[in-house]
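Next come the structures, one after another.
In the two complexes below, subunit A is the common chain; its partner is subunit B in one and subunit C in the other.
Entry: the complex of A and B
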């Protein structure tokens, strides 16, 4: 009952959320209708937009809004562990992401069937990878929203990730021979949102390894999924700890 | 002066249980990165206890620390020093939250929810079953006269409607402790009377209520105990009896009041004096006959005597003036 109400509230939180969903879907439709690319381009576009940009938009200020409006004062005085609030809010977001990605898949298959051009082969893996990335980014953004007010958290996350990506690439270019580069690469690969690993997972790049099923290596693919889920959990736990320790009023009247 | 506020239980409730217990509560706002001189001490060594079936009014000027104290009891903030418990459980714990209903000064409800959906939502958050939610909802609708707007979107509500709805959500689980921050904000006169009756009814059924309010007249009709706060401290624990005993004696004379005041009365007793009128501070009505007698003996030609007793508003203003 409590879980249902909180997930539902997250789902219906703001009108802006539905505008974001519809705009994104229209964007995919337009892109695929105009270009009808192959599966790799189909998936890459979906992966970036619904896996990375969509969670930033949906989880923008998810707790920041509650805190700014004062609604959090009601929520955290109710008799349940504050971590539950985080978990149900996050599940609401994840469910939204799943629904969005499922609709995107239907749209892609419908367009391909209707236009009889391009390819949707392996699109299912791209959809799964997109949803996994969505969850990780949503957890990161949600945790940040406990600390950073309103929607600035998403903007901050976007700027940090994009800047970090450029700086790291530059550094790697200059310091290719240095041992530090390896450590930095590993840190980015394993501690930051798993863009690279999930992209390889969805693109079927693990086929060269043993124990393959079709195009995919089961062990590598599983490891990639587990790694992604572990990161989501770690980001989520950080958010829960902050939420449980945070104070929610600075009024001095 | 720091007053250790141990408000007495209501008459006939001498053996009642303590619902709120605060010991040496201090709250300093400002994190590790804030310079020491920029930190704000919102509450300073406040101790108080609230008993079952008691209504306690928190009064004080803006910035006195009333909301901070409410927030500490509600568990929204943690004390820098000291300890607060609700029904024996540490404030902020789930067990403490199970026993309290909190109504903030500016209630906010989820998006496009109707009042009915808001009540159902809060019932679910409280962990109540569907049947209990339905029962509590019917009770709240009737008690707070919400029939007319129960199926309207809460976002379109007037301030008064929002207050009623917020109060209904705070009462959903029949908590032992209600923390109300400015509950009569935006209510019309009928709503204020209904609120007063409802809170009295809740008190009679054993609930303890802590109210922070600037509407002193309303508070006076409702509460038996006041805690006057100033600069983060409880500086006075008033009750209705003490408030009604103190007052001003207005004596109208034919002439010579200034000379008389100088000769007969100690300076602190004289509040104001003109040639024909003398205003004297009295702490108890029983002082009046002696005072009048002393004045007559000193040759005063008294035309009229009027005793004006202090109400809670006068006490508030007096304490504010003393505080500053």
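Entry: the complex of A and C
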């Protein structure tokens, strides 16, 4: 019952959440309808919006709002472990993401069946990849919300990731020392949200100058999923540890 | 109190077990996802899949059955440079090819009119490092053409043009497959496998991967599902570093309107015929001291040339991707088996290949004579500076006498038996090279 209440609370936390869901779904429908894309184009679009932007929108201030209003003190003094509060809120987010992505899939399949144009071949993999990325970004943003005030966690994450992407690309262009770029690439690839890995997991590796070609094997796909779930867990554990150790004030910001 | 402690210990143990399992699982996942395609592995060798081979053969058949073919192609590498080619072909043996680097206006053109292949340059002829020096280039810089009779065993026009036109990137797929030529790499195919579907521009393509010579080379073909012609071809050559080239086909047409004058050309008045000189003229001349070296061997330890003083040395600079390399290696191995006790030392030298590929090559060809396997700059300098070779991609033979002096040096493997026998005679060694 407690779990149900906490998950439901995440769904109904803000009116903005429903607006985000509905406008996002309308956007996908419009994109499909106007551009008649194939699964890869639509998948890429979905991956970016549902996998990255949606968790940022849904998790804005997920703890920061309660911390700012002082409500967090009531929540953490209830007779349960503070970590549970984190877990159920995260589960609430993850469920929202799953529901949203499933609805997107239904929408795409329905439009394709109705219009008989475009292609949905391989779309399933993009939906799974989007949900996995959603979870990783949601966990990172939720953990950030424990330490960053109000709703600035999402904004901060957005700025950091976008700036990081630009700076890294710029550095890669200038740095010739292979060991340095190698270490940086490995850090970005395996310790940060796995954009590149999941994109290849869903769409395969067909870049112009890459050394391999084709879709991931079953083993590699499985390893990719395991790595994403582990990364999500690691981000989540970091958030739980911080939440359990922090002392909160009843005074409003 | 004791119960609480016991429960705590149990909980801690459970947490530790879960954490260990999770770490092990993540370790496995990282191991699998981080496998680098940059390093050669035996699993890279493709196994033949009939469906993938059928796609490849349909493409070749489509090229060979067409009466006319035209396309434009851009060939590029990861360094962001691109060469552009314009290809027009007509049965039975007429061809038009031109190549231009980037935004340059200077083209190199090859025209096959059925009797001759004419190659000419707009503007000044480019400097070709392997065959030119300043003086010879200056003498033949403008108003020259190359003429080759179409009869006999001639090189592919595309290969000649790449050399003479100094294209940054040449064509990967020989366009003369259209005229019935066999792709020179075809006998060395390991297998062809299917790699899914992918779009190039708006064209949906089947993607196949072909590996050659134990995956020393790989080609990825994007073949249109509509017209069965390639849209993108990627070639990976696995040397000490990987070399990637991509050729993209634009506007391929199997029934284009090609004016007959496209395939005719005659030299304007005042132009001179130019025969490209042999790159061998730059090699160390007979009587020069061969460069000494001490470099890493194929097995353990090092090899130094001075250790062979007192023997006649057949120094063979090779690479695993050389098309005639296998026959040459068999020939050298038989010389080694027959004459190693008669004062002859066969010494292999590889300074370009990935070490594991080169070792696989030596094992597959049962090579037992000593071989340098070292892709360091020092090893490459032995060839480029010590032996004065202007190319590392051609097999090079150098016969060195008992005093460590060069007797003869040449490129290629087809003339080795005849020329080798003469060089042995000059070095005072009485052995048969047949």
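The definition used in the following text is that the second predicted complex is superposed on the first by the 234 of 253 C-alpha atoms of A that agree within 3 Å, B and C clash if a C-alpha of one lies under 4 Å from a C-alpha of the other, contacts with A are read in each partner's own complex, and residues count from 1 in each chain.
Here is the rule we use: a contact is a pair of C-beta atoms (placed from the backbone, for glycine too) under 8 Å apart; a residue touches a chain by one contact, two chains touch by 3 or more.
Here the structure is a predicted model, which is why all the values come from computation and not from measurement.
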{"item": "Subunit B versus subunit C as contact partner of A:14, first or second or both or neither", "value": "first"}
{"item": "Intersection of subunit A interface sets (partners subunit B, subunit C)", "value": "none"}
{"item": "Complex interface listing, subunit C residues touching subunit A", "value": "22, 25-26, 28-34, 37-38, 77-78, 195-196, 198-199, 207, 209, 220, 232, 234, 236, 242, 244, 246"}
{"item": "Residue numbers on subunit A that touch subunit B, as the complex places them", "value": "1-2, 4-6, 9, 12-14, 69-71, 73-81, 247-253"}
{"item": "Of subunit B, residues touching subunit A in the complex", "value": "29, 40, 42, 62-68, 71, 74-78, 94-95, 97-98, 100, 102, 104-112, 120-122, 124-127, 129-130, 169, 212"}
{"item": "Touch list for subunit A against partner subunit C, complex", "value": "38, 40, 186, 189-190, 197, 204, 206, 208-215, 219-220, 222-224, 226-227, 230, 233"}
